[in-house]
Amino acid sequence: MTRELTQFTINGVTSGYWHVSFSNPPINLQDPDTILELQELVGMFETDDALRVVVLESADPSFFINHYDVSRAAETPVAPGPTGLPTFIDTTMRLATTSVVTIAKIRGRNRGGGSEAALAFDLRFASREKAVFGQPEVGAGMFPGGGALERLPLLVGRARALEIILGSDDFDADTAALYGWINRALPDDQLDDFVDTLARRIASFDKPALAEAKRLVNRRTLPQAEDLVETQDSFLDAFTWPTLQERGARLRARAAEVGPEFELQFGHYLVDLGDQ
Amino acid sequence: MTRELTQFTINGVTSGYWHVSFSNPPINLQDPDTILELQELVGMFETDDALRVVVLESADPSFFINHYDVSRAAETPVAPGPTGLPTFIDTTMRLATTSVVTIAKIRGRNRGGGSEAALAFDLRFASREKAVFGQPEVGAGMFPGGGALERLPLLVGRARALEIILGSDDFDADTAALYGWINRALPDDQLDDFVDTLARRIASFDKPALAEAKRLVNRRTLPQAEDLVETQDSFLDAFTWPTLQERGARLRARAAEVGPEFELQFGHYLVDLGDQ
Amino acid sequence: MTRELTQFTINGVTSGYWHVSFSNPPINLQDPDTILELQELVGMFETDDALRVVVLESADPSFFINHYDVSRAAETPVAPGPTGLPTFIDTTMRLATTSVVTIAKIRGRNRGGGSEAALAFDLRFASREKAVFGQPEVGAGMFPGGGALERLPLLVGRARALEIILGSDDFDADTAALYGWINRALPDDQLDDFVDTLARRIASFDKPALAEAKRLVNRRTLPQAEDLVETQDSFLDAFTWPTLQERGARLRARAAEVGPEFELQFGHYLVDLGDQ
């Protein structure tokens, strides 16, 4: 029943500490397969009694988990998982409730659905020089469908969540840390050591202590499942909006015109796509 | 039925983007008319289909919206608005729920009820050199009556909200940004460009996307209307407190003694007004 | 019925402003007596009509209130207080609801149960050079039992609360201020003046204004009593865990081996205590 993982590679540093690397060339888009594989991964976390901590990193220095591949939106998996919730919601809620501690170590662009995946991890540490964050959905004619609308306000407050979401622009790691979007921004040459030291530390602790502490924190800090479901339903419905279809066409035209630079500066190129 | 606006001037930069300037000489007090005009303004935001973003600024470099004119507290409008809530609460709740994105661009003093008006806007950007924030009500013998008790803890947490409210002192923009009271403090000579760029960006986006994103964020991030009503009732009742009447007399005597400097350094002059 | 205070010394600076100094040599552990005395103190705050503000400091420059003395965990007082809640929960909830404003002025280590006591104060100001914060319980095989699991997420958000609690490491005051764990970090030579000025200011304000403002802020900002009770019950039960007993033995062996430096660098010495 388990799915072969092709986008995620697991390197068990020790039995209690896994490194997971994400790779989906050419630009590390989050696609329907990413969601299904991430769900498989969470199942592995839940059933490995020795595992205490997982660090997720990207194989591509320019992109962490990138935004959703909207060309495949129709394939978005929605089959209920073990929680009874649709696939991606099931996955992110189980990331929160597994007793394994999950850490996203972020270099490169981390936008849209990929940012929402990172938001479902317990801790986020990012490279000051190389990480870029964004929820560009509104600028692309839709809105975040996978948890940013629920998790960002809990971390950064309403005003900054609205700035991020309604402004749809790119943010550097220092601003993300000031806002609380990530735990810390670290100089790129210190990031690996910092996260590795923290992960080894946590891996040396007792599972019952980690599990009970995380369970008790979770009582009042998680988004409501019903909100996540309402948002996803509305998000999938938005693909029928005429405004989205028109803007999407203009966005694809601009992307073709600009070339690879488009994805590197996504936030920048979203402005003034309205009818001319 | 619509009220002529005398304190607010609307300059439509484009059909989707309005600049609104506030002016109520000599020191930009928030008074009963300010509340009624602000309520009118919100009605205009709600009914203009082309409008996407509004930037509020002050015509007076020394004062943004200043504190409430307590000499006119008895005139405070409380007639239920379209939401069924009293005037100012109706206004601030509708600022939150309108699909138009509202931005306060703050230079000068922004205290008391004027700070509470700014807190009802979606985003707040302020001049590092020229903005001053304060909730001086407790130092003046009463307490914030128009939303600071509800909105500040959501933005800055209980401890910093209590520091701001119980300490009743002035805060500079950098501290306000560190606390999350405002989105960002910017160098004064960059503030106009930063806010204008963000507003033009948002104005270029689709209304359905902006509206649905804001609606979904609003589900769990707004204060409870019943709390705002309880606070306003208690606030209006406080004007009968003997301690407030005594302190108010001493405050007015000190203001007369100090002159115009009093309003510039309001926080500073509140201390040691107790009976000598 | 009142208990003689031996660990806390009250110096009434004025009738409205008390300085309270904590001393429990040799390393200022929080022990069962500390909890009972703190409960007595809160009762004094509640019944003194003139009192407006209390500043708590430590007599020991190296330790503020230190972690709990787990060797005396079996003696932990749990008799219901006036709120009907167990002793420490009764005490911390009454610290939040008393109309007296409580300020923790922190120098030295403030970890574990002592950090949880500080978290129950209204405001926290700390020395940039001399304060150290930690919730080291998970690293010691258990988890915070006295409020950190409930109060930290409200102040710093879920991700940073999990970093603090699951990482169990020491934090400096600047990081604590960035996260919102404390109100501000101040240079050590400015801390006393800053806190004294704020306390004298608050002491000059009217009690009805302070009390009503604090009451209204408290409506939505306090942890749930039922959560605090569930956590304490689980915490006291954890002392029967075999994993805790084994790790506790290794922790005591390492402490004996390292000597006094162990308590100064508690966070550092918790790593790699697992079975070798």
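First chain written, first letter: the chains are A, B and C, and each begins at residue 1.
Assume a residue touches a chain if its C-beta (ideal position, glycine included) is under 8 Å from a C-beta of that chain, and two chains touch if they have at least 3 such contacts.
Computed from a predicted structure; not experimentally measured.
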| item | value |
| --- | --- |
| Arrangement of touching chains [line / ring / star / complete / other] | complete |
| Interface sides of chain A and chain B: same vs different residues, half threshold | different |
| CA centroid of chain A to CA centroid of chain B, Å | 35 |
| Shared-contact residues (touching 2 or more other chains) in chain A | 156, 178 |
| Chain C-touching residues of chain B, taken from the complex the two chains share | 137-139, 141-144, 149-150, 153, 156-163, 165-169, 178, 223-224, 227, 230-231, 234, 238, 241, 243-244, 247, 270-274 |
| Chain B partner contacts - residues on chain C that touch it in the complex | 101, 122-124, 154-156, 177-178, 180, 182-183, 198, 200-202, 204-210, 212-214, 216-217, 219-222 |
